[in-house]
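In the two complexes that follow, chain A is the common piece, with chain B as its partner first and chain C second.
Right, the complex of A and B next:
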């Protein structure tokens, strides 16, 4: 260590911790997050029950809205940001997401192929006639 | 991390690359605790992803039992969702109050969070009891098994969260806003917000996607 005066440069932030803000600014952050989350939730419920849009697009729209809302929660409630003091938290999150996508995507992919390649007997028999 | 260019400080720059990495020492206990809990939460989310994967594969295997669209009530799910969203907000208010050492707003925020969590649990329990009473219990079909395990696992997490919440209120009451109590409060807030994120996945995938198909 150097014997110079110690400069407290760029300390890390704990997950869920915000940079120094006033109480008003922190409350405002939660209010904005709540408003966005409620808006996205309402859109999800509206889309799921409506006849206004092309029906096959609904599942994709629901998944996109869910991912957007998770992002809103991460940023406004859990304060996971892209700042340099948050690098460790983001890296852990990225690895978690990698595992989640491997598990869910891999399972759905493999099981869909199994269903296609190994249909039940009553569906195979008519094909052999 | 701070990288500072050095001139004439060879002892801190043995390979003369012009950069010196200052090591400010171990992170504070607050950061270490919260980071460890964050890693636990991510592993919890990985566990939930297994239940989600099971539900996605099994949602069509109804064994001539009821389909999702026949048993899900969108109105109840909407109320549950609003309860959890508002409780996430009040939990945030309680953690701000804890940071500024304001007992009244802390107790108020935590109490509202607790009530909203209990309303959520009551609605979910009534839904489960109603399904079982109609003969659509978890053993009826693979679809219902995966439904009960996924939603029930989230419900168990919320129940544990409510117990933890009451413990935090008692600890602040008995010990005040000590550093260790504040660390636990921070972990609790992370836990509660993470549960809300998982619920976003549950209502989108299970109730809206599964109810529409």
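Right, the complex of A and C next:
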């Protein structure tokens, strides 16, 4: 379908489609992305095993690093930016985040209630002692 | 284990002669009849020399209109299969009072599971996806969907799923677990047979097809619109298509992941949903309904779009409250992800959770109510023509309101504790799915049939089909409400309560009326094909339509539009017609250009062929065949990715020749209207 004359060339870029940058700038972008991704990964592995920080903060730190990792992938590899041609991509991402938030958040809430009200038989017994 | 059996187990997995149900006459005879019919059609096609035509024009076609028609054909055939299941169930419940009836329990359980699975996944889904495929690119004024070959892959994978479900009729068995296969019943310890595997693998494969179709249609609506087609000028059906496919993209991965976990439990000894070793069956209900509730809106939103088009066209008025309609559609799109717990109020989540989800379920009725009022106000003051599509639309409004009201009733948690899993619930969801989705699919079928095939459907048989289906629906399902109130639970193979008996007999009689409706529907098709010359739609605009699909000929040329239409407002084609009538009728002779169109590709069919092999092998644990099918499907993809030519050119003269024929017809129509 190359006959979409009504789509102006150079606009409406899909995620992953290259914008009109020079090769050098593009490579630089990917290198920065790779470096950040590696850094975040290394930090996660380091944090998981360290005793330099307060222990209960480790899971929180891992979650933060994981979200940062997602952000790096979206910006540097999938090219989701806040540029004018990216409205669809940003909206799609926002919708996706909303759905993930609703489903994951709702599931955690529901399952917590269910687990409290409806524990398996073998767990009811110890509770009664 | 003897050595011979080991070799057989390697070659054939769990498959042996005991898989064929020689002792059960009903599936065997049904299977034989279907097999003979398929063979007969195949032989007829080959002998008549239609095979090259079918292969080049349909099977390998990437034309969105052809794929849409094939989707609808698949849905219609599967509707007959699912309908036969329904007839068998109604007869069983009519006769099984203080007796075993004629269906043994294990067979009855397979029938109600297959009925639900088929009706949702292989009737309702392909029907609405088919209509969206057929119509949306035309309404947007573009030449094809965003990814034409992917579209073909999506269709054929859906067909694979349908094939596997029907294969279970003769080779092995189908799930006996209900249409959502709740564990622990669907786990390996309680369902050791291949039934649940048939269920899960066919849904996994067709689920990929559905997801692909969803991505394709979202991209089409967002990225391919003709000049001037702003979001707020799109016909309502395009909006509901967008919302519905956003839901597909967001929700179907949940189904895939949930079924994948169930399959891991069954195949590799995982414990996601088992009773022991830390498994949690409640998580399955939670996840499957997090997909399942958006799914009902995936089905009904396109139907809402169809009714919007139909009501507006046959009232001769623009849709009332277009913007509120858009808002309501998108509100439903989001809220549909906030209500899934109402399917398992009784599982024990407690008052906080139940209250919040109950209220959310009542709130989602508000945008739906907005839509109903908008349709009523569209009709108000309009010059209404009661053609067949309009009858379905009015029938829908009456029926859907009743279904919606009973829905709000069961959204109240204390009421739901009384009605959960009763026949009242069965009546409720049939009320909204038949009254909403199926009526919508039929309305769309009648409305767009002339566009797809170039001739109208016979009105007399169409109206008969409507009245029998409409009345048959009420006679069948209203008694089920009563039976539910009397305490009858769903999925009963037999019962001993005298008070339920009369209602089951009435429901069975209603089923007979519904069957007459289906026969009328088939007769309508036969009669219309016979009289197609008299019913020919020469202008491409048989209903005095308002949106762009009526601006091209019927059936549209492969490139849809000789020129990309220029849209200046809502109801694009209505504006063009008004404009043309007001001005002098002489058009300047347009200058035609070459048009590039995507080439046909067997990728979809070949991919689905290997997916069928792989699915069958996975169900029967034939591991070498799994590997073979997987490699085949992947190789097909690689070959497609490395293709050199993916487009062909239609020369300008050819475009001009095709376009002029339609232009002449259309001018005569406009001049006739002008003379009046």
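Operating definition for what follows: the second predicted complex is superposed on the first by the 105 of 129 C-alpha atoms of A that agree within 3 Å, B and C clash if a C-alpha of one lies under 4 Å from a C-alpha of the other, contacts with A are read in each partner's own complex, and residues count from 1 in each chain.
We adopt the following convention: a residue touches a chain if its C-beta (ideal position, glycine included) is under 8 Å from a C-beta of that chain, and two chains touch if they have at least 3 such contacts.
A quick note: this is a predicted structure, and the numbers were derived from the prediction, not measured.
Legend: residue contacts after superposition of the two complexes on their common chain; A:22 is shown touching neither chain B nor chain C. Contacts of A:95 after superposition on the shared chain: both chain B and chain C are touched. After overlaying the two complexes on the shared chain, residue contacts for A:103 are found with chain B and with chain C alike. Between chain B and chain C, the partner in contact with more residues of chain A is B. In the superposition on chain A, contact of A:111 is made with both chain B and chain C.
Comparing which residues of chain A touch chain B with which touch chain C, the overlap comprises 1-2, 6-7, 12, 14, 88, 95-96, 99, 103, 107, 111.
Against chain B, in their complex, chain A makes its touches with residues 1-2, 6-17, 23, 26-27, 30-31, 33-34, 37-38, 41, 44-45, 48-49, 58-59, 62-63, 65-66, 69-70, 73-74, 77-78, 84, 88-89, 92-93, 95-96, 99-100, 103-104, 107-108, 111. In the complex of the two chains, the chain B residues touching chain A come out as 1-2, 4, 9, 12, 22-24, 27, 30-31, 33-35, 37-39, 42-43, 45-46, 49-50, 52-54, 56-57, 74, 78, 81-82, 85-86, 88-89, 92-93, 95-96, 100, 186, 189-190, 193-194, 196-197, 200-201, 203-205, 208-209, 211-213.
On chain C, the positions that touch chain A within their shared complex are 142-144, 146, 148, 222-227, 246, 250, 254, 275, 280, 282-283, 286-287, 290, 334, 337-338, 340-341, 347-350, 352-353, 564, 595-598, 647.
Residue ranges of chain A in contact with chain C, taken from their complex: 1-7, 12, 14, 88, 95-96, 98-99, 102-103, 106-107, 109-111, 113-118, 120.
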